[in-house]
Every structure is written in structure tokens, then in C-alpha cells.
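Letters A, B, C, D, E and F mark the chains in the order given here, with residues in each chain numbered from 1 onward.
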Amino acid sequence: MSAHAAILPILIPFAAALLQLAGGGLSFQRRIGLAAALLGIIAAAWLVQLADGGAMLVYALGGWTAPFGIVLAVDRLAAAMSLLTALLAGAALLYATAGFDNRGRHFHPLFQLQIMGIQGAFLTGDLFNLFVFFEVMLLASYALLAHGGGLARTRAGLAYVVLNLAGSALFLIALGLLYGTLGTLNLADVALRLQTLEHNIALARLAGALLIAVFTLKAALLPLSFWLPHAYAAAGAPVAALFVIMTKVGIVAILRVQAVAFAPAAAMADLLAGWLVPLALATVLFAALGALAATRLRYFAAWLVLASAGTLLVAPAHAQADITAAALYYLFQSTFIGAAFFLLAELIAERRGNVADAIKPGPAFHAPWLALGFFLAAISAAGLPPFSGFLGKLMLLSVLREAVAGPAIWAVLLTAGFLIMAALARAGSRLFWRRKPDMLPPVTPAIAWQRSAAVLLLVAAGPLLALFARPVADYASRAAAQLHAPGAYINGVLGTDKHSITRETRP
Amino acid sequence: MEAVVAIAIGMLTACGVFLLLRARTFPVVLGLTLLSYGVNLFLFASGRLRLDAPPLIQAGAAYTDPLPQALVLTAIVIGFGMTAYLLMLALRALAESGDDHVDGRMKP
Amino acid sequence: MMRRILPRPALSAAIFLLWAALANAASPGMLLLGALLALALPFVTRPFWPDAPRLARPGTALRLAARVAVDIVVANWAVARRVAGPLARLEPAFVEVPLDLRDPFVATILASIVSLTPGTVSIDVDQERWVLSLHALDAPDPGALIREIKQRYEVPLKEIFAC
Amino acid sequence: MLTLAIEIGFALIGLAMALNLWRLVRGPDATDRVLALDTLTINAIALLVLFGIRAASSAYFEAALILAAMGFVGTMALCKYLLRGDLIE
Amino acid sequence: MSETSLLPLIVASAFIGCLIPALLARFGRGMGALGAAGVMAGCLALLAPLIPAVLAGEALVTAYAWLPGYGLDLAFRLDGLGLLFCLLILGIGLLVVLYAYYYLPGGHVRLPHPNPLPHPQGVSPPGLAAKPLNPARQAGEGANESLREISNHGDRLGRFYTLLLLFMAAMLGVVLSENLLLLVVFWEVTSISSFLLIAYKREQRESRIAARMALAVTGGGGLALLAGVLLLGHIAGSYELSVVLAEGERIREHSLYAPMLILILLGAFTKSAQFPFHFWLPNAMAAPTPVSAYLHSATMVKAGVFLLARLHPALAGSGLWFWLVSGVGAVTLVYAAYTAFHRYDLKGLLAYSTISHLGLITLLFGLDTPLSVVAGVFHIINHAIFKASLFMAAGIVDHECGTRDMRRVNGLFKFMPITATLAIVAAASMAGVPLLNGFLSKEMFFTETVGHPVFEEMRWLLPLFATLAGMLAVAYSSRFIHDVFFNGDPIDLPRQPHEPPRWMRAPVEVLVVLCLLVGIFPQWSVAPLLGAAAGAALQAPLPAFELAVWHGFNLPFVMSLVALAGGITLYALRKPLFALHDRLPSVHAHIAFERFYEGLTSLAHSIVNWLDNSSLQRYLALFIVFVLSLGGWAWLSGPPAVAAAAYQPADAAAFAALATLIVGALGATLLHRQRLTAIVFASVVGLVVALAFVRFSAPDLALTQLAVEVVTIVLLLLALHYLPQTTPAEDSGPRLARDAALAVGAGAGLGAASFAMMTSPFETISGFYLAQSLPGGGGANAVNVILVDFRGFDTLGEITVLAMVGLAAHALLDRLALTAPGRDSDGRPWARERHPLFLSMLMRPLLPLALAVSVFILLRGHNLPGGGFVAGLVTGVALVLQYLASGIDFAQPRLPRHKAKLLALGLLLAGGTGAASWLFGRPFLTSAHGHAALPLIGEIELASAMVFDLGVYVVVVTVVLMVLAQLGRLSRHGFPEKCGEAA
Amino acid sequence: MSIVTEFTVSALILLGAVFALLGSVGLARLPDFFTRLHGPTKATTLGVGAMVLASALYFSATQPGFSLHEITVMVFLFITAPVTAHLLAKAALHRRGAKRREELK
């Protein structure tokens, strides 16, 4: 069975979606969904364990080996992202089963297919297959974004959809160019070909740049980041929570493409140099300003997601194992905390009547556990000790100390951290402390156990990832080391007789 | 022939991009349609142009590159799905805001 | 019994012929498959054609088909000449043909034939008055046209479908 | 002989399609444009058939068949739109 | 268990102990206090066994790995300095717990309540019921609220102790850290917990602002400290103090020394409220007095000077250190003393005096002589003791009088003689009166100012300055004594003051006794601790010094006398001085901070809104600009392409097709405002593209393109029915020009790239597919075999996308109501006939025929152009025609109802064949194919991939139907007006 | 392929092309929509029909077995051409009639 482990994180949600489509009422769909989420977590955890053996897990779909067939190529990074997705999805789904899933049609199958898309994007080793899973992921996200209805969602959805459709077109152009110059679509093979490319270098560079442009759109790099706050803030809380992983899909794609294919090739090595770090830093500052200016908590959460995306985008340009390792830890923790924020925002909003999540004085409400959860999440999000947010920042600052742009990166990350801390203090103070005595809080039922459990799981990630920082960071280091040793990746995917792949010259 | 196809691709892209930048949902959809024609042609062209050599295996025949064709097929179908979705979303925006502006703004 | 297996024999035949043509009558296997489809598809699609008329005179139908085929070529020649010739001499007209038949499907077939053949295009079948409206490219004598259509096509059609 | 006939055929069909295009641009009414589009489609079928004969390949046939079918449906949809606005009611 | 492992245990039990008061508080106020005290006592007990070794000069170090890869370890260190602080933290902490038990409201409630009227004792306030509210809700809510209020109070005291303990734990962590990064961790936790403590009275705006201000300053300083520590660790090669403290030489010579020092000092100065970062501290007095006594005198603000002492061996010894530290300390010392003198608020006076004393300590560390360090450490002790007692005394005054305004509070000696005596003694210590502890360290300071090596030229300057500072200290101390306890009678006090409860005064008594003990018997009481602490701070043998009350009649003693006399004179002249001061403009830090914050926020707001105007058009334009720039740079910076391949000659047909395509594309673009016309033109483009696919040997693509296009047109028309028929002319000229430029750029770019690509040779793997199509995939149509076999996984994903479009149709359009226009764009009413007879009649026989065609296309796809997609679309289109011809009422009931199930079936057929290969131990989607010989029929080729294709077929048909059904239903919800010309 | 076949095929091709062209000439040249409708409806349909027939003949002659599938295209065109014309005419009539009625109001 372990031979098939690599594909389970993709097939489990797919099968669950089929069952959910095939019949049963909402409660049946919930049961299936939660069971699939649990199975998905188990499968992904198993995958992490298998991948941590150090050897690539290569799964040749249809028995067709790379580069001819599509292969799933699972290394430590892919496995970790798979587990992260499964965990996040589990929490978001648990939250959604408390009633959000009933606010529109087909929530459950769409949710499972969204998981399938994200998992596929992380696990596949083929660039066109990556495109397909991007589309699976995106269409599901379009539909989930609209779930629950309302003009705000439609409005944000339009911008999100159109922009991503333009991105998909660009993705195809990039893939066309890549195939048209290298004659292959498998990432390992692309990497291999790039290393020995003699002519068509300019076109290959163009292809690489366009590919990166696509990924930066998903990762919300600054001039392409405006969609994110609107879309994430408009989405329903559990949907937004799941969306947090989607910027990471772009970031991990950049990391992987850069580490495996571009950095080792002389013609491509400078593709991210010079522009990515400044834009990433601008993104961080922009997000920090956005957080400062945010008037609603869910927007605030979205800005936090953007800030963490910008922070992470500092890493790929360096193509350095230690920086990647630190970035991975940061990625893990910022995903959970970002997601927690969206859920908390909704729970808080429900308790504040018409004021909802607006960051202004509202009715007094008594929810000490909610306040505590918000406080813990806020500490993590602001990068304050002792939780994972601080450790992530510490690790990044520490490894970026000697980077070329080190002082600038430090200055921006610290300044942004300061602004976010100030903004969070203000938001928390207004939401929880500043009360309008003449407003009575709405009568809200106790928080359903599914919702509390989901929030607890996500918020607990901050302390837990701090407590177990060493194993997580060590795993991240191993993953980064593996990522930045592309030879092993190429050998793993293509086998040792990779130079005997039959190629023919066309036209 | 390459130049002809390149001009066609450029033309479709330019028209698609121009329409994509309009302020109403309908031209945007139309622009995406044109753009995806251009993109599909481009993706197809990555296997180079070949006349009268369809990839249908017969003895002793010459074939064009089948892989980009398969990719374009996938791209066409996905593009169709996306267009359908966008149109439905545009209708929903129309129903909710009373206007067909891409920013979903309410009809004044 | 026969009716139950072959609710629409003509349709089944058409399907089989279509299949055979598509497959270039290639292999026995394909023809068998065509036969299966000829049996199955009318069943599957029966709800979509609940009130199909019965083909009473297949022979007459074939004869009519042959006549129409010839008429098409002749009509086209006429149209082609007029199109290429001087336009001033054309006398286009809207014409109404009162119908004797009362079946909508058969009326449709008549309208189709009329569109394909003598320099006319059907525009409307009025099911209240049972009148077929036409546009003629060049109709110096509308009365003759009406007579010709009724004689040449409507009468055989009424026979064929026994209506 | 056949080659020549095919070449002449191409030229005539090409001319026909140019005329269709002219009508398409010219209009004046939507019905004229739809009719021009429909005719263009049918002429394209002829073009495909000619290509098939020239290449001695039957691989063009399916395209011709589908083109005929799809051209028809497209025209129907446009007509229905012009008549009722609502295609499906 | 070894002794050193007690260190982490102390910190851990402090952190875990935080929870105890919160848990115990529900059993009563006393239990909470008891719990807190218990935790502190427990920590002290754990500390006790270590004291002898530390006093003997040992440094106990222990370490556990936390994040070793990044130098962050749970490494603890207990040396003299740490011990001193531990004792201060725990000792004063215990006193504060006791004090707070009496100070914080219990029997009488002073806490404002969310409701406008405070209503003690769980009685529903009458004012609430008078409000015009929903009465039903009111009844339940009112009672509920008051219950909640009671429990709130219990909770709040529990919470108070919890936060206090949290703060204490963090403080212990700071002073016990061996690892500098760990120190930063605890450092920031003190900022966070003090934020919560300052905001304890969260209903008051001043409290909230003060808390945020404190967090901004100290937390921000913490970020600087983090940066500095990271640099320091980099320079020293380790974050362990044992290493860092021994590397002073190398550190000072490193090129990063200056930035590192500045960053670390930023951390220290902000925490210790040094000028110009001092402003948060007076505002933090919004906190309850126990908090002020603990945080703002004894502990947290001392963290900054602790850090100066801690890192002294590593950082000090440079000119930069001297000038920065002593300069900032000196300015703070005098400025704050001056300000303290002019305060009316009792706590304000104490706050500024605290700042001043912190300045003094900073100055001492800055002077950077061994003895000045000793003096600095000594003053830390002394200040903690007398200032804590003074804060508590001030709290008692506040508690008893209901105000701390010194203009109203007068002559309290009559009302509370014991408390007054205690406060007077403590204040005298603050003033530096002999026989009290404050005198000793101040005299050491004076001694150090005399003959400091740096000021060789102007040896009088430093002593003069010190004397001036001493005078100011005496002046405000005098004011504290005279203005509160004497100076006539109290004016209009809210309460009648008297002595506080016995045990509330006890902490003050203890501290004042300590003042005296240290002041009179320094050698006996404090010398061992001071020696150990100073030794740890210096990391060098202690200088010779003598702790004695009397050092003879020397210059420092003269300076003390001058300061005393001058200070009292100053106080005597207070009235003109105050009048002068009142004329100076005053700055209220919390207002300024809030203004600054609001300004920053609105600046952020305008920047964000300026960049992001919520316009999709801008997003897209930026995206295109970004792509063009990045792509252009990447391409042009590479070596120029070498076009090597022979071109395919273009024939007349190609040019004609190009011309047609351009007409179609330009027509659609230029006429896009007439939407229907644009659709017609766009269809021309689709037609040409399909023809091009045929021409370039891609029949499958042509089929798919044609089928997709017609469905797309149907969808566009369906949508256009509801959308406006024309696009308004709303784009400005510059906008159009910009978009045209972007369009031309994109078109030219992609066109050029495609030309370069097509004309250059490349090596491809695609020969494999052609070679393996028949033997490996069992099909002659290589494209189809790729789709269903070699790359079947893509196809699975693709039909998943399609399936979701179907689901989204339900999800998006369900219950959506759209009003269809009753007339077309030219204002005509629609035709009356809903379903043209001709069409509906003809479509009936056509359906089975079309189905036969689609089955044919499906079956042959594996070998010839066709396959599941095209077949599915043909079937879909045939069914679309049924909708078109006969309407939804006719078609819908005749089609399968459970479309979601059909989708599942299709996906299952495709995915299930994939999973079936598992049964044979093969990977997902492994296909099988073979020849079956059937009687009569002969040999036919079967491939499992055909089942996969069938799944594709089912999904495509279903999705087309789902989308159409939903779009077709829209008008149902619209107005009934739409019924043709009759209307 | 025999000369006779080749001639027949060539003739059918030319005939078809001429008819198709004439249909399109009509579409371009005739003065109003209803007269324009006739050309494509008949001439073009027949022209394409002739070409399809040529193809059937050609492939039947040059390749093993009959080539009948082209016939399906022809039959389809002949079935659909009247429907197209009918509905277009209906649409045109409606657009004029409705406009005229509007003007009268």
C-alpha cells in the first residue's frame, strides 16, 4: 500500500466528493467530509513519514514514467505541504459543519475538490499537471468564495476570477514556451534540459519569467496583490481559512521551480535576482499599512495573510537552504495563525450585532475564551514571543543577516512587525475593551463545539509549533536541504539513466 | 506560415487584452475568449507547425507533435468551464448590484 | 409486438443508415452496433417525440425524395441564374399558401421542401389558419406558384403520412 | 486535372468566403450578419472537404461534420435570440 | 536532580503558576491572592538552595535545546546580578500581592461597568430598566448582566493575579536567561503582560491608550533589541552570555559594533523610559497602584538597566557607549527630576522621579568605571525598595482620599500618622538623606563624578551637574512630604481619610525597615548581595569600595549637603517656579500618541487606497505591465535567439485565413459595444482558429474547438438576454490609449515570442507518444491516447473542473432572480411565438440521430479524431437544441433529474478505471487494452481507457445540462411581463 | 483512380465551387434581406453538397471500401438549411414588423 501513498491525499478528497455527490443529505455529506478530512490527515502524515526517509517518492500515474507520463514527486517539502493542507482543511471543514455548509449548495463536494486541487498542486512533479490542479483549485475556490451569497462576495469574486483567468492564460503561455524550447513538461526534465541548454536560452528565460509571474500572482506579490484582501475578507470564515494555504501554493511553486530548475542552470540563475526581494518587501510594508488602515477584522486577517506572503517571498530569490528552511517554518506557522484569525473574526462578529467585525466600539459581550484565543493568535500574528510567530521571524532574520539586502530586509520586517503589533493592539483594544454601553449584544447561542474545536486547533498551532520548534525546524532544514540538492530530485524522478531519454529534434 | 500564425496570435492577444481591460463584464468575457484563442494557438504552436500530418498512427506516415494538441485540448475544455463560470458570476453580479460593471458597483 | 420493439421503424432505419454511412459500412461489428443503436435510441428518445406521425407509404416517400432531389438542382440553377443576372428584373414577393394538411410535423417537412426547391423560402407555418407563408425570389405569378407547391409536394406528403 | 480543379475550387470558395465576410462587416441588420456567418460556416465545410481531397486524407471529415452541426446550432441560437431574447424558456 | 536544573524549574513553575490564581479565584478573592503568593513563595523556595553558591561568586548555568539551529536555547544562568533581581522580583512581588489584595476593589466596587451606571452587589440597576428597550429581552438580560458582573469581579481579581504572575514569570525569565535570544523572548513577554496590566481598567480610555503606548514603545524597543541581539550573536559567534561576556574585545572592534550597540540600547532605553522614550511611563500610571509599584518602580523598568548591567562587559568600554549611555542617562536624570517637581498628581511625581532615578542608574553605567557600575547596581536595589514603598504609600493615600491630586490632598499626617511617617522616611531615602539607603548609592554617584577620567579638562562640570540633579531630587521629595502630609488641611476630598487596614500597610513597613537597615548597616545587610551582583555585572574583580554611612567630610559629602540645602530652597520657592512652569506649553503624551497613531493610520489608509482603488481594470493593467516588464527583461537579457529552422511557406489560404481572423478579432474589438455583433465577429475568429487546427494537422482540436465554441455562444446569448445589450461609452481617451498600448504590447510580445519559438528547433520527448500510442496505449489516435492514458491524470483534473462548473451553476444561480427585458436593444417587443414550430418539429427526429453520431465519435476517438469530450459536447449540443426548440418545460422533465449523481457517475467511471488498476498492483490510471474476438463481429480492440473516456462523456453532457438548466430557469423568477408583443 | 472518376470528381468540385460562390454572390449582391436569403439557402447548400459528393466518390475510388460518411454531411446540410432559412426569415420579418408596428404607435 505504501506504493500508493503519494496519491492518497489527492484521491481521498476526490472519492469523498464522489460519495457526497452521489447522495445523502447534509449530515451524510458532513460525515463523509469529516471522515475524509481525517483520513487525509492520516495519509499526509504517513506521507511525511515516508518522505522523511530521504528518498523521493515518485508515483508514475498510469505506469508511465517521467518525463513521458505524469508523476507525483513527493519530497519532504511536498509531503509537509500536503500535511499542512490536510490539517488546515480539517479544521476549516470542522468549523464549516456547524452550519456554514448549509448556506448554499454543494459546499461539501466543492470543499473536497478544493482540497484535491491544492494537494495535487503540491504533489505533482509535472508542470502542466500543476496547471490542471491550479485550475481545479481555482474553480473550487471561485465557487467556495461565492458560497453564502451576497454582493460583497460576488464583487470580490469577479475581480478574483477574472484576474486568475488572466493568470491561467499566462500559465498556458509559459508552459507553451517551456515546451516549445525544452520539449518537455516534467519539472525534473525541465531542470535537466536547462542545465545543458545551448540555444533558445532567451526563450527559456522568458518562459521561466512568465511562470514566475503566474506564481507571484497566486502568491500576491505587490503589484499583483490587490485582489487578496478583498477576496479573503469577503469569503466565508472557513473558506477564507482554507484559502490561506493558496498563497502558499504560489510561494512553494516559486521555491521549487527556482531551487530545482533555475538556480542550477547558468542561463536562468539570475531570474529572480534584483526584483523579487524589493517587491516582496514592498508587499510586506503594503500589508502592514493595510493592517493599520483596516476597518474590519476580516480585512485585518487578510492583510496578515498578505504580510506573511510578502515575508515568505523574500526567500526564493536567495535559493539558499538555510533561508528556505526558515521560510518553511514561517510558512507553517503563518498558515495556521492566518486561518485562525478568519475564524475568530467571524465568531467575534457574531457577538457584536450590527457592528460585526468592524474595528470600532460595539456592544459589551462576554466571551473570555474568545478573547483569550484572539489574544494568543494576535501574539503569534504580530510575531511577538513566545509563540511560533516570533520564532519564525527570528529564524528568518537570523538567516537573512548576511543576505545582500539583509539590512533592508531587517528594517522592513521589523518595521512591519512593529506596525502590525500596534495595529493589533488597537484592534483588540477596540473590539474587546472599548464598549458602547448603549448597545446590547445580540443573543448568540453558545459556540458550537465544532467551531470551538476548529479555532482551538488552529490557535494552538502557535504555542505548539513554538514548543516543538526544534523537530519542526529540523524537518524544515532537511526539507530545504533536499530541495536545494536538485540532483537528487532529478535522479529521483527521472531515474539514473536519465540521459538516455529519447528525444527527437523538430521540426 | 510561422509569421502568419505569429501575427494571428499577436492579433488575438492584443484584441483579447484590450477587451479584458474594459469595465463591463460582457466585453471582459469576450476578451477572455479571444485571448484564449490566441493562447491556445500559441500553446499549439509550441509543437511547431506541420501540414497534413495528423497524429493518427498509420504505417509509414509522418506525424505532427501530438503532445501540445493534448495540452490544448485540456486548455480548451478548462477555458470553456471558466467562461461558463464567469458568465454565471456576471449574471449574479448583475442580479445583486443591478449593474454589469466589473467592480460590482451598484447601479447609480 | 413489432411496434413495441420498433416504435419508430423509419427512425430506426434512418439511424442504422446513418451509422452505416458514418462507419463507411466498415465491419460487421460496427454494423451490429448500429443495429443495436437503431433499436435503442428511439426508445431512449421517445419522450422527446411523443406524437410522431406514422409513415404510411414508404414507397411514395422515396419517390417524393427523388423528385425533390431533382427539383433542388433545377431550382438552384434558376436561383443561380437570377443571382448572377441583372437584379432589376427580379420580382420578389411574399406569398401565402393555404394548407390542406393538419399535422405540424408534416407541415414542417413541406416547409423544408419548399425552402429547398423552387426559388422560395418558407417563413411561417400558421397553425391557426394552416397557412404557409413564403418569400419568393422571383414570382411573377404567385397563383401558379401556390398551385405548384400544393400539387407537387403537399398532395404526396398527405399520402405518405396518411393525414 | 483533379489538382487544377481543386485549386480552382479553393479560389472560388475563398472568393465566396470573402463575399460572406463583406456581408458580415456590412450588415446592415443583425439578421444579415447571422446569415453571413452561417454561409461562411457552410463554405468552410466546402473548404475542409477540398483540403481532405487534396491531402487524400479522411481526417478532415469529422471536422466537416461537426462544423455543419455546430454552425447550425449557432445560427439557431442567434435566431432564437433575435426572436425572443431568451434562448431557453 | 542537580542544582542548576532548578533554574528552568523556577521559570517554568512561575509560568505554570500563572493559572493558579485564575483557577482559585472562583473560590474567593483570598484564594486568588493566596495562590499568587504561594507561587511566588514556591519560586523563592526553589531559589533558596542556590543562593549560597551564587553569593560565593559562582555563576550557575544550565541549558536545554529549544531551537538549537538558530541559537535559541532554554539556557539559564544564575549569578549575582540575576539573584539580586530574582530577590527583588519575588520579594517585592510578595508584598505587592498582599497589598493588592486590599487595594483592589472587593467589598466596594470602583470598577466602571459596561453599563453606564455602576451597580454593585448584583442589584439590577434601576436606570437600565428605564431605557426604552425591548422589555422581554430586558428582563432576562438585566438579571443576567448583574450575575455576570459579580462573576466578572471574581474573574477580574483572578485575572489580575494571573497577569501579575505572568509578568513576574517573564521578568524572572529575563534575569535568569543565559541565552540572549531567550532573554529577548522573556523581554517581549514582559511588554505584553504589562500591556494587559496597564489596561486593567480597560473601560477607561486613558488606560487603553496608555497600555498601547507602553506596548508600542517597549515592544518596539524589543524589536530593536532582537535585531541588536541577533547582530551581537553574529559578532560573538554565540548567543550564550558566557561566551558573549568574554568577547568584549572582539565585539568592540567589530564593524557592526555601532549599529548593534544602538539597537540594543534602544531596547534598554525604551524599557527603562529614558529620554526621549520616557513618555509612556507616566501614562502607564493609569494602571492600578500595585501594578505601578511592581512594574514601574521595582521590576519592569529595571529590565532596561538590568540589560545595561548584564551586557556591560561585552558592550561597554568604548567612547560610543560612554557618550550614548551617560548622555542619555544624564539628560533623563535632570529632565525627569525637573518634571517630577512640577507634577500635581502624586503618582505622576513618583513616575517622573522613577524616570529620573533610572536616568541616574543609566548614567552610572555610562560613566563606565568599575565603581560606577557598583554604584549603579547598588542604586537599583535602593531605588526598588524606597520607590515601591512610596508607590504603595501613594496608593494608600489614593485609596483613602479618593484622589491623588496634591492640590487637594493636604495635611494627611493628622489622619494617618503611621503611614505618613513611613512615607516620609521613604521619601527621605529618595532625597538621599543620610542614614537611609538612598544616601549611600547617591554618595557613591557623587564620588564617581568627582575626578572622572573623561572630564579631565572640566573636572568641575560633572560634580556640578550631579549636585544640581541631587537638588532637584531633594526638591520633589520635599514636595512629596510637605504637600501631602502637611501644608494645611485637605480640600474637598471624596472620602474621609484614615489609616488603611493593618495588612495593607504591612508591605510599606517592611520596605521602609529595609531602607533603614540598608542605610544604617549596609555592610551587614546588603554587602554580600551587592558584591555578588556587581561582580557579575563587571565580570571582573570588584574594585575596592567601602559601604559605610560615614566616609569623612569629603567633597561628595559636601555635595550631598549642598543638594539638600538647595533642594529645600527650591521647594520653598515653588510658587513662582510653578507659575513659571505653567506658562510653558504642556504636551499630553497620550493625546500626542493617539494623534500620531491616527495620523499614521490615515496615512496608511490613503496610501492603501491610492494604490488599491478596488478597480479590476487597474489590477489587470498592473498585471499586464508586470508581465510585460518581467518577461521583456528576462527575454532581452538572454542571448539573442538563433533562428535555424526552415520556414513553412505560407500559401494564399493562410493569408486569406489571417485576413479573416483579423476582421473577426478587430470587428469584435472595435464593435464590442454592440454586444451581439461582437459575438458574431468572435464566432468568425473561432471558425478560423478551428480551420487552422485542421490545417495544422490537429483534427481533434478542431472538433473540440468547434463544439466548445457553439456552447459558448449559447451561453453568451443566454447571459446577454439579461445583461445590457450595449456597452456604455464610459472610458476616457487616455484610458483607451493606455489600454490600447498595453494590448499592443501584449500582442506584439506574444506574437514575437511565438515567432521566435516556432522558427527555432527544439528537442522533444513526443516521439515516445507516437511510438507507444498503439503498443502501449492501444489506440491509433495519439492525442486521444495521451488524453486518456499517458496523461489521463490531467484529464481527470479537467473533468473535475468541469464537474465543478456544473455544481457552481447550482450554487451560484440557485434562487437568483433576474429581470429579463421585455424588449430588445432597439426597443422592439419580442416575437410572440415562443417555440417556432419548424424548429421543434425538426429537432425531434434529429435527437436520436445526433445521439448516434455522438456514440460514433465517442467510440472511435481512441483511434480517429473524436473521443469523450467531443462526443459529450455533441450530445450536449443536441440536448441544447431541444431546450432551444421546445423550451425548458418540454426538455427538463425528459432529462435525468439527479444531475449531481450523474456527475458522480461520470467521475467514478473515469476515476474508477484508474483505481481498478490497483487491484492488479499497478499505479493509479494504468490502462489495459487487448483484442477480443467475438463471434460474428470479429476482432475488436478494447481498452480500459475507453471506459475512462465514457466517464468524460458523461461529465461533459451533465455539465452542459446543469449550466443550461440553471441559466434557463433564471427568467422564471423574473417578471411575468415578458410574454411577447401582446404585453 | 480512373479518368472517368477523376473527371467526375473534378467536375463535381468545380460545380460545387461555382454554386457555392454564386450563393455567396447572391448574399453579397441582392438588395434586401429576404432576397439575400435565397442564395445561401439553396446555391451554397447545393454547392457544398456537390463537393461532399466529390469527396465521397474520390475516397471510395482511392481507398479500400466505400466512403459513405461524407453523405451524412450532405444530408445534414439539406435537413438544416431550410430550418436556418426559415428562422432567419422569421427573425427578419419580426424585426421589421415589430419596428413598423412600433413606428405606428
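In this text, contacts are C-beta pairs under 8 Å (C-beta built on N, C-alpha and C of every residue); 3 or more make two chains touch, one makes a residue touch a chain.
What you see is a predicted model; the values in this text were computed from it and never measured.
Shared contact partners of chain C and chain E, listed by label: F. Here the chain-to-chain distance from chain A to chain E, counted in touching steps, is 1. Relative to chain A, the most remote chain by averaged C-alpha coordinates is C. Among the other chains, the CA centroid farthest from that of chain E is the one of C. Set side by side, the interfaces B-E and E-F show unequal numbers of C-beta pairs in contact, with more at B-E. Taking the mean of each chain's C-alpha atoms, the chain closest to the overall C-alpha centroid is A. Centres computed as Cα averages put chain C at a distance of 23 Å from chain D. Averaging Cα coordinates per chain places chain A and chain C 62 Å apart. Our note on geometry: chain D versus chain F, Cα centroid distance of 9 Å, whole angstroms.
Once the centre of each chain is set as its mean CA position, chain C and chain F turn out to be 16 Å apart.
The set of chain F residues touching two or more other chains comprises 18, 23, 25, 37, 39, 45, 67, 69, 72, 79, 82-83, 86-87, 90-91, 94-95.
Counting only residues that touch two or more partner chains, chain E has 614, 616, 620, 624, 645, 679, 695, 699, 718, 720, 750, 753, 757-758, 762, 764-766, 769, 790-791, 794, 798, 801, 804-805, 808, 812, 831, 833, 836, 838-839, 842, 853, 864-865, 967. The set of chain B residues that touch two or more partner chains comprises 20, 25, 40, 42, 44-50, 52, 54, 56, 65, 67, 74, 78-79, 81-82, 85, 89-90, 92, 102-103.
Here the chains touching each other pair up as A-B, A-E, B-D, B-E, C-E, C-F, D-E, D-F, E-F. Contact residues on chain F toward chain C in their complex (touch as defined above): 18-19, 22-23, 25-26, 29-32, 34-35, 37-39, 41-43, 45-46, 65-69, 71-72, 78-79, 81-83, 85-86, 89-90, 93. Within the complex formed with chain F, the residues of chain D that make contact are 1-2, 4-6, 8-9, 12-13, 15-17, 19-20, 22-23, 29-32, 34-36, 38-39, 42-43, 45-46, 49-50, 52-53, 56, 58, 61, 64-65, 68-69, 72, 75-76, 79-80, 82-83. Residues of chain F touching chain E in their complex: 72, 79, 82-83, 86-87, 90-91, 94-95, 98-99, 101-102. Residues 614-617, 620-621, 624, 645, 647-651, 654-655, 657-658, 661-662, 665-666, 668-669, 672-673, 675, 678-679, 682, 685-686, 688-689, 692-693, 695-701, 704-705, 708, 711-712, 715-716, 718-720, 722-724, 727-728, 730-731, 739-740, 742-744, 746-755, 757-759, 762, 764-766, 769-770, 773-774, 780-783, 786-787, 790-791, 794-795, 798-799, 801-802, 804-805, 808-809, 812-813, 816-818, 863-865, 869, 956, 959, 963, 966-967, 970 of chain E are the ones touching chain B in the complex.
By the touch criterion given at the top, residues 11, 14-15, 18-19, 22-23, 27-29, 32-34, 37, 41-42, 44-45, 47-49, 52, 104-105, 107-108, 111-112, 122, 125, 127 of chain C touch chain E in their complex.
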